[in-house]
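Following this line, the structures themselves.
Next, two complexes with chain A in common: one pairs it with chain B, the other with chain C.
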Partner chain A sequence: MPEFNIDKIRAAFPILSREIGNKPLVYLDSGATAQKPKAVIDRLTHFYEFENANIHRGVHYLSMNATTEYDEARETIAKAIGAPKVEEVIFTRGATESVNLVSNGLSETLVEGDEIVLTLMEHHANFVPWQILAEKKGLTLKFANVTDTGEIDMEHWKSLFSSKTKLATFTHVSNALGTINPVKEMTAFAKDKSDALVLIDGAQAVPHGKVNISDLGCDFYVFSGHKVFGPDGIGILWGRGELLNAFQPFQSGGDMIEHVSVSGTTFRQIPERFEAGTPNISGAIGLAAAFDYMENEVGWEAAEAHEQSILKYATERLSEIEGLHIRGTAPDKVGVISFTMDSAHPHDIGTILDTCGVAIRAGHHCAQPLMEHYKIAGTARASLAFYNNREDIDALITGLEKVQRFFG
Partner chain B sequence: MALAEKQQTLIDDYSIIEDPMERFAAIVALGRKNQDFPDDQRLEENLVQGCTSQVWLIGKTDAENCVHFQIDADAPGIKGVAVLMCGMYSGEKADEIIATEPDVIEALKIDRNLTPTRLNGLRHIRQRIVEIASES
Partner chain C sequence: MDDLDDLYQEIILSHNKRPRNEGELNPHDHEAEGYNPLCGDRLQVYVRGGSDQIEAVQFTGEGCAISRASASMMTESVKSLGGAELEAKIAEVLQILTAKEEPTVDPFEMGELAALVGVRKFPPRVKCATLAWHTLQAALRDKNSISTESDD
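Right, the complex of A and B next:
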């Protein structure tokens, strides 16, 4: 493993060397989507230049090769996330589709009166599908409160479980606040106190450190490829095989069938059961390249340590700005700093920062229930990845001083 | 002065400031100075739907059938632009208000300082202005 060198790391991400309006790009919006290393970009280009073919049904070299690459991508990802069985790793379009797949599967078994325990810090992707299912099936949703520091109120969360609880779902890391939730302990509690299945939304956790699914004890784990330095439109649902094979297919068509006749169709087992039609072949291969890059070129531990040092520096610098309030101050956080300013609306902050070449996100971050809880319309959010450096934070601070001059 | 002329005067006045950011700052300052929105009208029913920030808009028609608007917003950036727009339409006849698009936004390059979602919010403000004028 090469030594962690931030300049070399940054050079591996071509977009970081471009300018926005004659200013060097300062990318602090990795929570929305992460930038892609050249290794991933090159892998995608190579696939389309030399390897492009459909998988599973071809008899020619290219098709067989693409099938092998696709299957190996699944193996690479399964190993990287500690999935006990390769076939339990399902390729989806992203975390959102993964949650929808599980909610669709559970719609067959959940009945009126059953309860789902969630938290108020869920992204809409792990909120709305359950709300729709609850309305359709007469389920009860119970939401755990969030504390002022941006942590799940554990006593309240624990009090929500009953004999009717059939699912507990929670985010591993809050996209809006950066809080890392104690998901292993939460899973153990849910399993101890109820018969609930546990689904963890890992979309904001996987990009910030190595995740070992086998260690968590959960039943489902979901994340998106584009947030973990991979391509768009590819994501992962990991689930226990016996549960997934009991689900009805989410979508139907080619590739997922065992036998089709006019009298009926039988379906394949996982993973093909949930990968109807031609899948995102290059996306899967590109995502595997992203994990390869992180494992072999960067190293998760070094990446995490660097990001934490930048988070600490950013938190200190931002805390010095008068009238700026950081939302989410849990001791265990990833590189997400959500904040509001007395002088400016989050969108105003984002607009002025953009003129400085600084890209952040402003708004409710697809977490409106959380914003309602805090009684704020939204926040400005600077979200880090391991490729950010101190200069990025200095540029953010300079931009925020401009915001204060402009609106203060 | 016809509304089209009024709009052109506004464009000419603000175009004196050449730097787009300084121009935007002047518009933000215009919003900051405007504090005449009645507190008791910050009601749910007066909120303009479709804006990312909270924008309240009311209008009333005078004896000469001219419509007068008052607007407020919780975001200084959008408030300045909204005050500029409402000031332009205020005191004009309904048919002129309905017929005149707020070209001032593009002419002064204000659109470059606003995100697509906020520009969409401005379109909702314009739509509400037209609705109030139509009802007058």
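Right, the complex of A and C next:
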């Protein structure tokens, strides 16, 4: 593997060399979606220029080849995330659809009075599906508090478990605060304390370091492709095979059937069971290319170390700004810095930074319960990836000085 | 003057820093909550009087500089208006903010409200500026809440 060289890394991401309004793009919104390396873009182009065909259908060369590529993409991703069995890796549209697939599957077995333990730092994607299911089935949702530093209040979380707990679900990394949760220990506790299934939302964890699902002990793990340098519209649900095969299909149609007759239809096992219709073939292949790129061209460890060094630098520089408050100061964080300023609203910060070419996110980050907890409407959020450098942070600081000139 | 100076004109910054008529109006005849789910901002508008004749308008709520300045200017500019004149004022402001064609704005006629036209260059921020005005409309129609993401 080549040595980690930030300039070479940046050159591999074509969009990073463009300008926004005559200013070089400073992309600090990777938490919303990550930029794509040329390797992924080229893979998609190659697929459509030379390989496009539907899978699992044709006897012709292109169809057989596309089927092979699609199956190999699943194998690549399974290996990259440490999934014990390839067929347990289900392609979905993204983390949101993955959670919905599980909540739909569990709706068959959960009964009135069953309890689900969640946390107040969940993204709406791992919150709303459970709320809807709870209303439909008469389930009780229990939410763990978050501490002032932006960590799950573990004593409180542990106290929420009972013999009625059927599911514990929590985010691996908070999208709004960057906190890395001790998911392995949490899973072990949940398993020890109850019969609960454990679902981990990995959408914000997978882009920041190597995740080994086998090591976590959970039952389901979900993430989105576009946040991990892959295409959008593709995501992963990993789940234990025996659980997934017991779920009713989420959607039905072609490809997921075993046999269809007027008297009834039988369904295939995973993964086809949950991949009705023509799937996002290029998306799956592109996502595998993203993992290949990270594994072979960058190296997860080097990427993580670099991102942490930029996070440290950014945290130091931002802390020097008077009237700026970083929300989420857990010792274990990925490169996400949420902040508020006494003088300016997050939206005004976002607009002014945009005129400096600096892209951040402003708002509630689809984590309104968390914002309510902090009694704020939203934050400004700079979110990093391994392709960010110190100059990006310097540009952010210059932009924030401009904010202060307007609002100070 | 660059676009940012157009957006954050002195008049906008001044209204943001020292909003006029901020606080709950008691007693009031109408109130409504305006909500922008995209950013989580909420605005409460209180009206004494009614569509025929507004006696006073006040507002409370969290928001960005644009939404606060727009709310502040709204409370001043609709006071003692009523009937067709009131409707025309609201329509005029919404028009300069949202019309597809670049509007002609006469600062002498529009006064401070003309400053809102700078928001046009920042499409994601237009809803921040219209929120107070839509919330006023809702209050006058005794509609308790409106959202920038619903159809009316």
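Worth pointing out:
One rule holds for everything that comes next: the second predicted complex is superposed on the first by the 408 of 408 C-alpha atoms of A that agree within 3 Å, B and C clash if a C-alpha of one lies under 4 Å from a C-alpha of the other, contacts with A are read in each partner's own complex, and residues count from 1 in each chain.
Note that contacts are C-beta pairs under 8 Å (C-beta built on N, C-alpha and C of every residue); 3 or more make two chains touch, one makes a residue touch a chain.
As the structure is a prediction and not an experimental result, all values here were calculated from the model.
Superposition of the two complexes onto chain A shows a clash between chain B and chain C.
When both complexes are overlaid on chain A, the residue A:368 reaches chain C alone and has no touch with chain B. By the touch criterion defined above, A:348 lies against chain B and chain C together after alignment on the C-alpha atoms of chain A. Legend: residue contacts after superposition of the two complexes on their common chain; A:406 is shown touching both chain B and chain C. Shared contact residues of chain A, touching chain B in one structure and chain C in the other: 344-345, 347-348, 351, 355, 362-363, 377-378, 406-407. Across the interface of their complex, chain A is touched by residues 2-4, 7-8, 13, 16, 38-42, 62-66, 122, 124-125, 128 of chain C. Chain contact summary for the complex, chain A toward chain B: residues 343-345, 347-348, 350-351, 355, 362-363, 377-378, 406-407. On the chain B side of its complex with chain A, the touching residues are 21, 25, 28, 52-54, 74-78, 113-115, 117-118. On the chain A side of its complex with chain C, the touching residues are 344-348, 351-352, 355, 362-364, 368, 371, 377-378, 406-407.
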